[in-house]
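Order of writing sets the chain letters: A, B, C, D, E and F. Residues in each chain are counted from 1.
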Amino acid sequence: MTTFTRNNGRAADQLRAVRITRGFTIHAEGSVLIEFGDTRVLCTASVEEKVPPHKRGSGEGWVTAEYGMLPRATHTRSDREAARGKQSGRTQEIQRLIGRSMRAVFDLKALGERTIHLDCDVLQADGGTRTAAITGAFVAAQDAVNKLLAAGTIPASPILGPVAAISVGIVQGTPLLDLEYTEDSACDTDMNVVMTGAGHFVEVQGTAEGAAFTRAEMDLLLGLADKGIQELVVLQQQALAK
Amino acid sequence: MTTFTRNNGRAADQLRAVRITRGFTIHAEGSVLIEFGDTRVLCTASVEEKVPPHKRGSGEGWVTAEYGMLPRATHTRSDREAARGKQSGRTQEIQRLIGRSMRAVFDLKALGERTIHLDCDVLQADGGTRTAAITGAFVAAQDAVNKLLAAGTIPASPILGPVAAISVGIVQGTPLLDLEYTEDSACDTDMNVVMTGAGHFVEVQGTAEGAAFTRAEMDLLLGLADKGIQELVVLQQQALAK
Amino acid sequence: MTTFTRNNGRAADQLRAVRITRGFTIHAEGSVLIEFGDTRVLCTASVEEKVPPHKRGSGEGWVTAEYGMLPRATHTRSDREAARGKQSGRTQEIQRLIGRSMRAVFDLKALGERTIHLDCDVLQADGGTRTAAITGAFVAAQDAVNKLLAAGTIPASPILGPVAAISVGIVQGTPLLDLEYTEDSACDTDMNVVMTGAGHFVEVQGTAEGAAFTRAEMDLLLGLADKGIQELVVLQQQALAK
Amino acid sequence: MTTFTRNNGRAADQLRAVRITRGFTIHAEGSVLIEFGDTRVLCTASVEEKVPPHKRGSGEGWVTAEYGMLPRATHTRSDREAARGKQSGRTQEIQRLIGRSMRAVFDLKALGERTIHLDCDVLQADGGTRTAAITGAFVAAQDAVNKLLAAGTIPASPILGPVAAISVGIVQGTPLLDLEYTEDSACDTDMNVVMTGAGHFVEVQGTAEGAAFTRAEMDLLLGLADKGIQELVVLQQQALAK
Amino acid sequence: MTTFTRNNGRAADQLRAVRITRGFTIHAEGSVLIEFGDTRVLCTASVEEKVPPHKRGSGEGWVTAEYGMLPRATHTRSDREAARGKQSGRTQEIQRLIGRSMRAVFDLKALGERTIHLDCDVLQADGGTRTAAITGAFVAAQDAVNKLLAAGTIPASPILGPVAAISVGIVQGTPLLDLEYTEDSACDTDMNVVMTGAGHFVEVQGTAEGAAFTRAEMDLLLGLADKGIQELVVLQQQALAK
Amino acid sequence: MTTFTRNNGRAADQLRAVRITRGFTIHAEGSVLIEFGDTRVLCTASVEEKVPPHKRGSGEGWVTAEYGMLPRATHTRSDREAARGKQSGRTQEIQRLIGRSMRAVFDLKALGERTIHLDCDVLQADGGTRTAAITGAFVAAQDAVNKLLAAGTIPASPILGPVAAISVGIVQGTPLLDLEYTEDSACDTDMNVVMTGAGHFVEVQGTAEGAAFTRAEMDLLLGLADKGIQELVVLQQQALAK
């Protein structure tokens, strides 16, 4: 079996260069530019002292996310969703995924009746925008929570532990970690995995783009994802320690 | 470890009563009422002799799906999406999933430049509407293809094999097959699995509603799903043989 | 004058086979599948313990209706209104008609500050969907009211009497009762009539599709409608007596 | 039986003062301000040298209408539909009615592949806006057709004869012709009738706002409407003769 | 330098015939038809005893404007914004301009917590619709305020002074006051100026449609605008004195 | 007269620190991050080889702009326009202004039948986003044009000269150049000026936020703007020379 050769001599189980820049913009309670190679996503966390209707009076807070892509983040320009008047199904799917992933590591009771909005805007896309968004949004959320703690607004952190995400896939028979755009376009199977720092699954979304995949392939992919996410969690902690 | 007790003495690895009624309505090329217990979904397949813009002139066809829920399919009435003026994120996510699942078993070249629209409308909901929709839509699609073959419109079937779907989840520590509504509401982990008749994965979508889940739990769930889908594929074939 | 010959030897003044199935779905307070020949409409009545803004604090309730058609209820597939993002003028016209017809037999004071939502969804269309919807919605509303009475929520029925509807029209010079689709398409004059059990008019909507119609023709059509509605009211009562 | 007393000593079977001003604005091919008492509607007819998709290549033309109400045409300001982003069900119902009424007196073949757009905008409302709109739109349409004839664009008039409309209703037991706003608000039964110059019905839309109405009442109302429409047709012809 | 010749022998610094008709419709607190030559705009002022959310509890009122154009106000029919489902960017720009211009001469504190809605609807367009709208809206607003004063609802007028607007532009090298449509279409530079009765600027919006314009040209245009607005303010006062 | 003191000892007639970073993202034909102090706008230019309908077959190209603001570009989070389903009036006003400003320095004939889309997305806002957008969009457009020239797609540059924009305003009686957010909020008069490199006006938009402004004040502001724009044009050329 021949092995697919990646750009820049990257190994099949190797992440792209990951850079996490905190404080990228000045107004938000958390503002993180995260880069997975050429993919660049700006993740901001905004704290609002009220909750959506379904949480009012519950004593619990809420964590939610929105996702967007600048029109020319992509190789060819795509329509601006605000001008078209609606978000695509893909956008909604991604922002729902980010929101669920963040809530999986939040104790909403401990957050109190307030909302953390995570806005993930793709400045430049080269595959893996949703996994970069989740990984960066966690760091932005941690920064926002730290501000709330420092201000004494909440007595203890509502964050239960880190969460990060990575894509894996099979391209020309080779299981790969952290697909870039050309790999993503060529892959038979594409899986996005969200895991906690403890190595447990929050979300697994696998899709056969071409041929259906076997249980053995799935096992290989989950193993790769596990490795990648462990590395991302370390990078998140390093960024937060700065 | 205590085991969760299901309604009607159902075993943890047991499907609900599945009924597949072909020809439920008269106009569509394929019209199937599928029931998973109290969940009832009407799946129709409509053949249209044209394709969407991205397929024009390609010689290939297209298979797409739409999903809806009657306002009072649910325990309490939900808003009518047509009146609200947009489909929810959940609806779009589900109809995209159904569409991808169907295309996974279609040779679009062999279909020729025509579209099969699969409309999956939930008449009554009790959990598992998306998996019932996929399982029923396949039967409706097969009926529509059989009409095209009978009419000589296409020389050979574009269907590569059966596809079906089931939900699995962990409720109070017990892995369960084919969740009904009360189980779905109570579960920590919820997974929807779409597989081919050959036992390969088309889609795996697992979500931790409560605590994140382990690899061991995931393995148990995938095993349960595999068993359920093999049974569904048999039921599809029996229905088509009538 | 030659007479138009109807399908299945139906007489000019004869209704199609009417079937009224109560309890068609399990969640709604009233759930009726009504069939006028091949036209099949699912009518559900949902009770909500609040009223729209214009009735708040009035001590009165509200009765309202929504209407929809599954995309493949018709001979050729029509667009899904939820996907298109708005209800057609025709849909709005019909649901306003159903709502007014129901309110004509309701004492809103006696209903108390609650709303009955009537959802009429066409599963299969063959002409006369709005008249079937009105006729079936009344039965669903009666079932919902009976539940409120049985629960002691209201002391006396707010329903003043039955209401039903039928279409009449002139096809090739022959006045016909209860038009099916092919007749409806061919008719010069089309009239929908809504009447109470006492034989009074709630709504009369006549339209000249081809030539304008005379007073004499109108008188014939109103007579036919009166006959048909008297029969429908009997069928409603028989269904409710089961 | 006591009789309802109308404003300004108007008899029960008397129209309000009707004024028809042709050439009210300068750009449109037909531009008519029609007044029924204090109700004032500007009706313009615009000729466009193309047809909507369903008529393309048919050799036939199309006649269509749109209806609007200025926000402060009414006693209290109503929302601007353009700002709200959609036309109400009432607006759509009315504009569909105007369109059907106009098409009833048009030979679309003789019109040729062009469209006449009738825009009916209510400047001031005091009941009967839709019937004033139909009556005025006919005059505007005739002016536009006369321009086409004068220019030699069409060899013969596609207009088969006049059409006009009036409202009738029963207020406190008294059948009244041409309801003004206070009467319309108080009436038990409200009927809009559209008839040709030959005295045939194009549309009859009767609604019981309060109690259902009897056949005898209906007969009285249709008689009143017939009288009123005959008078309106004379007024249309007088206006066109100027 | 040759001078551009205007229609009807109008001088370069001359306004078109301006007519201001108060009480044009009967329901609004202020209702003014303003005509700048063939441009005719109906401006109504409606008083509502509540304020938008951002003013609630502030003790201050609000003044806001909406603008619309009847479909056949123009040479060729334009789409109805209510039917298209949204207001164009141009419409929004204009109504924001009218609202700001009116608020510039209102003491919102003195108005008290109520809203004045100014609806400016173009019945006929021939250039300068936004400047006619502002000039007419002021008169309508004054009439509405006078009603509030007369009723004792407010003790003193919240209006600080008059405001009016005019367009100026350079056509074929000639600076012109009050452009009509053919001049507007041909001009290189188009400027709308809003000024108070005291001769101060409220808004200046200049746009180079063709070549960019010099400071000297701008000075000429501002001078012309000043002259025109002084004349308009006199005409407003004369109309209000009637 | 006391003079308003600016942050960081900035003089009244001094621009904030301006930084222009070309090639900020990799996919667009032109990609410029422009910073006016803390205001940061990403301007991309995308070339598309087709034109909108009104230019088809004309031999001319088109230049158009869209504007957006990331939700947390501002001090408090604002709604995402894509999620709300429409662009605000302010957004539309700004993107129309940017488009007109760019077209003022483009020879659309020389561009040929292609479109340049300028997307201006505000990453961080501190006043003057629209003027930064125009100034940066010009540099992005120049980069895109240079690519077309280098590729031989067009023989000569369609750009007639530079264009840039700046805001000026009067705060507490002091005329200021290049307002930052706190100044913008406090100012009585706010003017945005767009000028060519030759010192001619493309757009002047002055608004009295508080008191109306005099001709003398306007003259002072226009002088300040002129000075600022001359400096910006130099900075644009320096950036392009790198």
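The criterion applied here is as follows: contacts are C-beta pairs under 8 Å (C-beta built on N, C-alpha and C of every residue); 3 or more make two chains touch, one makes a residue touch a chain.
Since the structure is predicted, the reported quantities are computational estimates derived from the model, not experimental observations.
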Item to complete: Return the chain whose centre of C-alpha atoms lies at maximal distance from the corresponding centre of subunit C.
Response: F
Discussion item. Let me spell it out: compute each chain's centre from its C-alpha atoms, then which one is farthest from subunit E's centre?
Written reply: B
Worksheet, complete the sentence: C-D, B-C or D-E checked against A-B; over half of contact pairs coincide for C-D
Worksheet entry | Same or different residue numbers at the subunit B/subunit C copy interface, by half rule | same
Practice prompt. Give me the rotation angle that lays the C-alpha atoms of subunit A onto its copy subunit E, rounded to the nearest 5 degrees.
Written response: 120
Worksheet item: Quick one: subunit E and subunit F, Cα centre-to-centre, how many Å?
Response: 28
Worksheet entry | Interchain centroid distance [CA atoms averaged], subunit C/subunit F, Å | 59
Discussion item. Need the CA-centroid distance for the pair subunit B / subunit F, whole Å please.
Written reply: 51
Fill in: Residues of subunit A touching at least two other chains
85-86
Item to complete: Can I get the ring sequence of chains, opening with subunit D and turning toward subunit E?
Response: D, E, F, A, B, C
Item to complete: Give every residue of subunit C touching subunit B within the complex, in rising order.
Response: 25-28, 31, 38, 40, 42, 44, 46, 48, 66, 68, 70-77, 80-83, 85-87, 91, 117, 119, 121, 123-125
Discussion item. Can you tell me which positions in subunit C touch subunit D when the two form their complex?
Written reply: 86, 89-90, 92-93, 95-96, 100, 104, 191, 195-196, 198, 200-208, 211-215, 218, 222, 226
